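Note that chain A is present in both complexes that follow, paired respectively with chain B and with chain C.
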Partner chain A sequence: MHNSLLDDLALASPLREKSSRLKLALVAAALLVGVMSTSPVAPLFIALTMSFASIRLGKVPAGFYGKLLAPPLVFALLGTVVILLFFGSGPEIFSISLLGQSFGATAEGAELSILVLSRTISGTSCLFFLALTTPMVELFALLKGLRLPDSFVELSMMIYRYIFVFLEVAVGTTHAQAMRLGYDGLLRSIRSFSMMAGTLFIRSWEQGERLYTAMDARCYDGRLSLFEEKRRVEVQELLGACGYVAAITALAYITRGTSLI
Partner chain B sequence: MATTLLETKGLRYVYPDGTPAIRGVDLRIEDGERIAFVGPNGSGKSTLFLLLNGTLRPTAGEVLFRGRPLQYDPRSLRETRRRVGIVFQNSDDQLFAPTVRQDVAFGPVNLGLPMEEVEERVEMALEGVGISGLKGRPPHHLSGGQKKRAAIAGVMAMEPEVMILDEPLSNLDPAGSEEVMELLEELSQRGTTIIISTHDVDLAYRWSDRVCLLADGMVMDEGRPEDIFGDPRHLSGSGLRQPLILEVYDEISKRDLAAFGKRPRTVSELVGHLSPPNLRWMKVPPETEVGERIHPEGIDSVGPGRDKSEEVLVIHLQGGRAVVETLDKSVRIGRVIVYDTDGGDPQALSSLLADERIDLVGVMGTKSRAFAEKNKIVSDIGSNVIDRTILRALCGEAVLVITNGGMVEHAKRRIEEYCRQSGMKIEVSVVGRGADRAGSTPVPAPANAGKRR
Partner chain C sequence: MHIMEGFLPHPWWEVWYALSLPVVAYGIYRMNRLVKERRETLPLLALAGAFIFVLSSLKLPSVTGSCSHPTGTGMGAILFGPALTAVLSLIVLVYQALFLAHGGITTLGANVFSMGIAGPAVGYLVYRGCTRLNLHFYLSIFLAATLADWATYLVTTLQLALAFPSATGGVVGSFYAFGTVFALTQVPLALVEGVVTALLFKYIIQVKGDVMVKLKVIDEKGLGKLREAIPA
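Let's turn to the complex of A and B:
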């Protein structure tokens, strides 16, 4: 029932076992290079390699990946159209008239819009790579390693765990309400939903009490020093990551200023 | 030599809103005991458990652990909770960490153990409950039974002297229940005192050494399960019923059909009551008369282990079938071979498995089950193994039981005890440990040559 959540794909991913620090560093570097590149070549290359890595190495179903990428892509395309029509100066490469208004696109505008689009895709695919190969449970250790405040990390761990418990309660309650026609009509839906939310609040309150008792029974003393999973970085992995970053940086440098048009 | 582990004296507890929950409980729990608290909902079982590990402080009376009253300062409470572990009814209340492994490690880390030891204990506990393969999973990816086992592992890792389980079988399917019960059996074999609460009278009856009947915050009755459940009058008004086995037994016994005095606790013991082994029903030819001796060859589908040429005496006739007495007094009974996976020789096992004369294979214990799965051994008996093994052996089949550790001795003892009580002779041999190898024959005599299911 959970197989549509990104986190579940990440849990099943073979790349989960790899060091999350390395993955984070790699993604951060690729993101930076992609954004700083002045030509669309390097970002497109990054997008391609990151998608390839997610699908082939991370074993994400290609169809699912496509569906995942589609909404941000559509959004980016809409933005690109606006840039294409309203930005840039110089000779027009084409123009259309719509409702008596003439819209034109310049070469400069086209170049800019392609660059923005490629950067968007590259950034999105980088973040998807991280999200699809690094489940939350691995990120907690990383957050701790990055010296974030303990209470912040501990709270986020518990919130993460109980999201799923409450999700189940919420789904169950909603079904029970729907079964008795609780979502028949807008007004009734609003009423039912507010009742469900109220129940959920009280449930979570009670759950908190029970959780505390259960933790207390296992000698909880206010410090939540959780055991961390150790993920070792192999030399080849480190070299591979460095090589990749060097390659995309070089590509961005060589192709600087070139355009596809 | 049993020593008292936990004791309560005049224990009372009143909820902050003034509702009395526990109204005077005096209990004694011995070291190594298996106790079941049974009682209707709201009878105070959960509250009593929270009093036993010091989470709640009694309004009056006291709790003693190994003769010393519980102290309620943080230091002593820590010590109490290390020794008295509680597994809560709802696993989701207990599993809070993002992964199973981190959750199991929570207790040992809190005890301030060094990391290597924490690691070791986590591995042991996860292996002990048979979910080593799931350690990296978040709890919401586990099934109900797996969650329960993870919760038990979390408490096991603290190595408590007594483990309290509140309704360990609620929300579990029958297979999950059997697995948890088997796990508790293993824990008990290793010397942990175990206290459970349950509504399941069949389970409490079969499993426990002692039963406490709780109602309205008071112990209504306590004693051996046979005594508590034996008298329906004890149970009236308690919201419980008699265990099915006892109910059947009582009906048999009222008709003077029960053989020996002790009340049965398992199906095999119940069967032992039914009839002398040389009496049975069978189909007879139409012209047969009472008192006649016949050779029922080829008439009836003869049960395994019984020679087809035996001569029988017809005692009673009813509609084409008759009660007959086997005149050949040597009733054939099957054999049991127990294989120990801990120190076993894989060669011996494969020769046993290839042996045509073994009719059934039973696998017992979480570790052995993992072993069987790894070696692609198909088990015919997966739960309640000892009981079913006895039943199959009584039908003349040869059973191979694959198990390990203390369960080997336990299985042997149970079967021998059954033989002593019923007067039947089931031969038990242990294969796989150096100490026993000399005295046991790895291959059994033919119980039913050539037949294998």
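Let's turn to the complex of A and C:
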């Protein structure tokens, strides 16, 4: 369960020491280029380079990275199948018959579904790069710097802190229930799950009351001060990031409108 | 039901951002006022947000085998009202995108709209409507949670259909197409979530019913009646 939290890997990442502002800007730029691109070439290039950066520079095990990428891809594939079968006009390139109905795919539909699929892979790999190299703690200071309302950032920080506490409680309770055959069969599973969730809510409520008392006792006035660690941006890093963004923008511009089919 | 990063093309992801931002801003405004009035609100809201995240990252007892995480939107709306739920779900969705790779940043606007605004709004209205009709408390909770889930699912389908209209049937055609594909998992899932939410409220009422009175989910009289029904 805990392995699936990308934040744990980010805390151990060698790229953690790099400036979080630079990483955020780089990922934002790559996301935008990917989603704006009109051909699948640039998104696929971004996906490859971002995955390479996560695995080689970020030292994420390649097998684990593959496993991470699988569930988002399933959703994307489901959606693209719909686009493939229902979108576009013109001559059909193939058709299948299912349950007495025939579904056909046109070249236009195929093109669009490849484009959407490539954009999804590109966006997901950008997110993974950010998630696997930048721990949330580093982003909070940045959020305050962006002038988001204090109460909002504070709420985010407290939510973040307690996610890990409750996850432990939830996983522990679920294991204990499973040991007592609580998840044998659908009805029993539903019962056990609700019981666990109810307990979790009550625990979180009581914890919230305790947290308030504890913070009040320490003169909490609705503002936690944060210390943002200023990390130096090396000239090469800045140049590299700018070069990368320029390269993907140029690639997206040159290949605009081209298709792989 | 999250829309993946990069799935919505320009200009649709911007449109959903534009629609969601005012609601979230209003939610933050409401929250700031509440926090000024009663300072214990912020920690409690934070813990509720963490609870929603943890709940949504756990797998529900699954029926069809695929993606089966509860959304918790109906529950959030019943407990805190739609405006605050919009703020909480924005934060939860960002964390889901960054920790679990559910959803994404460009599609955040669309996801906040379907899961943080439309779903909770429907859930809240259904719950209030049911209480006015004097339906049984747990039945109202079940209906609110299930219908909130279905509303989320319909809005997501609409978002996809608007972005990718079908060549022959237009938006309506692809609405049916996307709808059928996702109905396989979403329809039974929402039912399960409805049952789970109702049972969850039952346990909370049994153990710590005063919380529900504090949150104005139920009044003292209703709580007393539900408590009587529990066999000693």
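The rule we apply is simple: the second predicted complex is superposed on the first by the 191 of 261 C-alpha atoms of A that agree within 3 Å, B and C clash if a C-alpha of one lies under 4 Å from a C-alpha of the other, contacts with A are read in each partner's own complex, and residues count from 1 in each chain.
Note that a contact is a pair of C-beta atoms (placed from the backbone, for glycine too) under 8 Å apart; a residue touches a chain by one contact, two chains touch by 3 or more.
Worth saying up front: this structure is predicted, and the values here are computed from it rather than measured.
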item	value
Which superposed partner A:Phe52 touches (first chain B, second chain C, both, neither)	neither
Chain B versus chain C as contact partner of A:Leu11, first or second or both or neither	first
Partner chain(s) touched by A:Leu211 [first = chain B, second = chain C, both, neither]	both
Dominant toucher of chain A (residue count), chain B or chain C	C
Touched partner set for A:Leu85, first chain B, second chain C, both or neither	second
First, second, both or neither for A:Tyr253, with chain B first and chain C second	neither
Which superposed partner A:Met158 touches (first chain B, second chain C, both, neither)	both
Touching partner for A:Phe140 - first (chain B), second (chain C), both, neither	first
Shared chain A surface residues [contacts with chain B and with chain C]	136, 158, 160-162, 165, 207, 211, 215-216, 220
Contacting residues of chain B [partner chain A, same complex]	50, 53, 55, 74, 78, 81-82, 85-86, 88, 90, 92-99, 101-102, 105-107, 109-111, 115, 118-119, 122, 136-141, 154-155, 158
Chain C partner contacts - residues on chain A that touch it in the complex	4-7, 28, 31-32, 34-36, 43, 68, 71-72, 74-76, 78-79, 81-83, 85-89, 106, 108-109, 112, 116, 119-124, 126-128, 130-131, 136, 149, 151-152, 154-156, 158-163, 165-167, 170, 174, 183, 186, 189-191, 193-195, 197-202, 204-205, 207-209, 211-212, 215-216, 220, 222
Chain C - residues contacting chain A, complex	2, 4-10, 13, 28, 31-32, 35, 39-40, 42-51, 53-55, 57-58, 60-61, 63, 66-67, 87-88, 91-92, 94-95, 97-102, 104-106, 160, 164-169, 173-174, 177-178, 181-182, 192, 195-204, 207-208, 211
Interfacial residue positions of chain A with respect to chain B in the complex	2, 8, 11, 16, 135-137, 140, 157-158, 160-162, 164-165, 168, 207, 210-211, 213-221, 223, 225-227, 229
